[in-house]
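Look at the two complexes coming up: chain A is in both, with chain B in one and chain C in the other.
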Partner chain A sequence: MMFRNLVCPVCGASCDDIQVEMTAEGIVAKNACKMGNAKFQELASPHRIRQPLICQGGEMLPSGWEEALDRAADILASSSRPLIFIGSETSCEAMEVGLHLGEYLGGVVDSNSTVCHGPTAMGIQEAGRVGATAGQSKNRADLTVYWGSNPLESMPRHMSRYAVYPRGYWTRRGRFDRTVITVDPRRSLTAENSDLHIQLNPNTDFELLSALLALLHGQQPHPSAEEVTGVAIRQMEEMLELMKGCNYGVIYAGLGMASSYGKHRNAEMAFHLVQELNNHTKFVIGALRGHCNVAGFNQVASYLYGYPFGLDFSRGYPRYNPGEFTAVDLLRERDVDAALVVCADLVSHFPADCASYLGEIPMICIDIASCPTTMLSDVVLPGVIDAMECDGTFYRLDDVPIYFQPFTASPFPFTASNQHTLQQLMERVRGRKEAGS
Partner chain B sequence: MTEIILEVKGPIGLTVEAEAVCPHRLSGLAPGEIEAQLVWQGPAQLPLSDFFEVEVREGEGEVRIAIEGDASRIKRIGQGMRSGCIEIDGSCGMHLGEEMEGGSILVRGNAGSWAGMEMRGGLLEIEGDAGDHVGSAHRGSWRGMSGGEIRIGGSAKSQLGGGMIGGKISVARDVQNFCAIRQSGGLILVHGRAVRGVGAEMTGGVAAVLGGIERFSPGFVETGMEEDPVLGGEKRPGTFIRYCGDYAISKNPKGTLFVRG
Partner chain C sequence: MGFMEATLSQYFLNCSSGEGCEGMREVLLNTGSTIEEGRLAKGGNKLGPEYVEECAVCEISHVDYAELGFPDRVRIWTPDRKHSVAVHARPARSLQPGQIFMPRAIWSNLVVDPDTFSTGSPLYKGSPVIIEPTQEDVLSAAEIVRRHYSRGKR
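What follows is the complex of A and B.
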């Protein structure tokens, strides 16, 4: 049987044109890129966690659902300051429950953007952003700038579906109507396919953006700028001419900007540059969000509690201070005493100090496949794959919500989705807290 | 002077937020009342006596709080302080003297990040090193320190004086990145070296780095030389180059940056 118009739950592009056929030989996914296709194959993967696990005497043993939920609720209800970390490969609906659970427990709730485009979100708060949807840019942009991003390898369909190759209303000849600039220290695949590659020195985005802004303001940058950035003033001017001369330009900012030294200050400068370019032409900027619903957490948390990530609820109201209430900082400072990790492999991706502290405190993990985080957990609850086994909402990289429907159902009788798992956990935690008070 | 001696009882687990530890909040209270003042540990509000031995030496006039032991996991000491003084024997946690308006704080060890955030008056002295965001603005706020003085005996990390609109900060040794970012008033004096981003987005005020800058902010334009300029009320011997910036953020910025030539 063929299922159409499915949403791919892998990267921020949230492609919603996937076709899946379940055959006797396996799953055939059409339109999906290599990364997307691999995810659709997960459905039948031998690595899939198929039952709850509980750590007993240092060993992960299979357990019943009720028993695992009870143990998880005990951990959360008895902790003084839990960290609830919600990864991005799950629905906004699940994130909402996780945020409420954090508020109820007076804990801290954070998400993947804390180690990815969090600095971009902070840059937006500092400077404001001129943005657009992917559709607007597809139809209008005659200049595309990939800054610190390499979509050909990290978001394979971005260029073909949204940004460079598609024919738009005012860009009828597709790629022929567009100029592409890539700003990247590496000669990446994307850089090779661009019209201009600005090969700056690593970690000099801030200086390059400042120099471009100074030029726009009619001043020659400080003479050291050339040596620091590795980009000649002449080349900066060439880039600015292209930017000022286009009809509609768009910068897609990647982690090369948000997570190289300078972080939110780089992003802030990029937003200022785009604002300034709007004195000459129409220019917008957006982030190339890596994971499928990483934008969703920022949206849901901002909508519910006013801040995009790193929310501390210890005072009963949300507080926000990256560097103090963000997951990496809390774990490094040993400032939480339990963790609930939903759909994220923190142990593999966080700094070593943080990962080893996660091994010291009780941890609950909801995930679909075993990983270092599930191995260090006290309780593992099997995850349900969003967009394949349950419905829900993702936010695409341009902050457009995409509702997705499944083509099969949750393989578990005890839970229909990660949202459902979190709701059941919330009820149990509430029961314990109310009984104790 | 009334002296309140707070001795940290022992190792502290989850960090404690103790804005109650502030002279005007403890002034006039009996020892038992001081012990019962609430501080936060995660979502729990606990009495001060859970974390400190309290001793009070009654006297006339202003209150002096002396903190003994390791207070590096205690945050928000002296938050919103108006008068009196606090002396911290060792190191202390984040947000020391945040939004303080008057009085004085002395830390003999190091201070965590956000010391003197949005400070309006008084004196904050850190004999050791300071963390990030000293005298800076709140997240999402555009204006940082507006008055008073911060003196750092050691080094400070990044974003020192972010959004500063008035007052004075001096650092005896080095700073890292984005010192004086978005400064629009006041004076920042760094006796050692700075790494990068000094004066980024600066539109006013004066910043001086006596030991040199590793990576200059591109939006600064040389405006002249000065011999032995007077900075922070003192003559600084040597030839200094004066810059104006940050042209990356404005067409007509009024920020002044001095660097020894």
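What follows is the complex of A and C.
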């Protein structure tokens, strides 16, 4: 049987043209890239976690659903400052329940969006952003700048679906109508496939952006800019001429900008540069949001509580202070006493001090396959795969909501979705808290 | 002293004199996606041997690689010597001297600087680290968890 127009739940591209055929031999996913295809195979994979697990005597043992939920609720209800961390491969609807759970418990709620483009979101708060949807850029952009991003490996269909190769209304010849610039200290695959590669020194994005802004204002950057950034002023001028001279330019900012020194100040400077470029032509900027629904967490948290990530509810109302109420900082400073991790592998992807603290505190995890985080968890609840086994909403990299419908159902009798699992957990936590009060 | 050297020397106080640091190099670590890491992670294979082959890897500029003596494996240290990890070494022409690249995974994140500069996001790109050739075995993800993170549990 063939299912069409499915949404891929893997990266921020949220491709909605996937075709899946379920045959006796297995699952065939058409249009999906390597990463997307691997996830579709998870439906029938031997790695799939198919029952709840509880840690007993140092071993992860299978348990019943009720028993696992009870243990998870006990951990959360007895914690005085729990961290609820919501990963990106789940729906906005599940994120909403997670945020309410954090508010109810007086804990802290954070997500992948913090360690991904948190600094970019902070840059937007500082400077504002000139943005566009992926469709606008596909139809109009004749200049694409990948700044600190490598979509060929992080969002494999970005170039072919939205940015470089597709034929748009005003870019009828596709790639032939577009110029591509990549700014990256490494000659990445994307850099190799670009017309111009600006190979700056690591940690000098802010300086390069400042130099470009100075040139745009008709001034010469300080001569030290060449040595600091590793980019010749002549090359900066060449890049700026391309940017000023295009009809419609777009910068896709990656973690090279958000994760290196300068952080949100890099993003802020990029937003200012783009604003000023609009005195010469039409120019927009967006984040290349690598993980599936990271944009969704920012949206949901902002409309529910006013802040895009790192929300602390310990005083009964939401507070926001990146660096204090954000997951990496809380774990590094040993400032939480339990963790609920939804669809994220924090032990693999957080620095050692944080991962090692997760090994010391009680942890509950919802996931679909075994990973270092499930190894260190006290309770593992089986995850349901969004967009394949349940419906919901993702926000695409350009903040466009994409409603998805499943083509099969949850394989578990005890839960229909991660949202459902979190709702059940919330009820149980509420029962304990009310019984105790 | 150039800007980069000045930046690096702030972090490598132990090694800035060069004493006791033979065969070591101070470099900046860039971590990031690779398509195979993505394929394996999304396919639920994070605990398998293929993931180790793809991700327990350090790409080194071919200049630095030659100066380190063409090692099969390198140990990567945080500047404060608190954390280290042994991985396979590979020369790469895509990198400038003084830079290394590792796929984002449990091996690289062991040595990523956890300071977030008040943003919540650690230094996944541009973390200062020290590399040296090693004979030590490369651990699997499960072994890393057991050895480094299981304090108090399992």
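FYI, the second predicted complex is superposed on the first by the 437 of 437 C-alpha atoms of A that agree within 3 Å, B and C clash if a C-alpha of one lies under 4 Å from a C-alpha of the other, contacts with A are read in each partner's own complex, and residues count from 1 in each chain.
One rule holds for everything that comes next: contacts are C-beta pairs under 8 Å (C-beta built on N, C-alpha and C of every residue); 3 or more make two chains touch, one makes a residue touch a chain.
What you see is a predicted model; the values in this text were computed from it and never measured.
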item: Side-by-side fit of chain B and chain C on chain A, or clash; value: fit
item: Which superposed partner A:Glu360 touches (first chain B, second chain C, both, neither); value: second
item: More chain A residues in contact - chain B or chain C; value: C
item: First (chain B), second (chain C), both or neither touched by A:Thr114; value: second
item: Touched partner set for A:Ser348, first chain B, second chain C, both or neither; value: second
item: Chain B versus chain C as contact partner of A:Cys55, first or second or both or neither; value: second
item: Touched partner set for A:Leu255, first chain B, second chain C, both or neither; value: second
item: Touching partner for A:Gly436 - first (chain B), second (chain C), both, neither; value: neither
item: Contacts of A:Ser224 with chain B and chain C, given as first, second, both or neither; value: both
item: Touching partner for A:Gly106 - first (chain B), second (chain C), both, neither; value: first
item: Touching partner for A:Phe206 - first (chain B), second (chain C), both, neither; value: first
item: Minimum distance between Cα atoms of chain B and chain C in the superposition (Å); value: 5
item: Where chain A meets both chain C and chain B, residue numbers; value: 122, 224, 228, 261, 322-324
item: Partner chain B, residues of chain A touching it in the complex; value: 80-81, 105-107, 122, 125-126, 206-207, 209-211, 213-214, 217-222, 224-225, 228, 261-262, 265, 268-269, 272, 313-316, 320-324, 333-337
item: Chain C-touching residues of chain A, taken from the complex the two chains share; value: 10-11, 33-39, 41-42, 45, 47-48, 55, 58-59, 110, 114-116, 118-119, 122, 148, 150, 152-154, 156, 185-188, 191, 199, 201-204, 224, 227-228, 230, 255-256, 258-261, 263-264, 290, 309-310, 322-324, 326-329, 332, 345, 347-356, 358-360, 368-372, 375-376, 378
item: Of chain B, residues touching chain A in the complex; value: 13-15, 40-44, 94, 113-114, 132-133, 139-140, 177-178, 181, 196-197, 200-201, 215-221, 246-251
item: Sites on chain C touched by chain A in the complex; value: 2-4, 7, 28, 30, 32-36, 38-47, 78, 82-83, 93-96, 99, 101, 104-106, 109-114, 116-126, 141-142, 144-145, 148-154
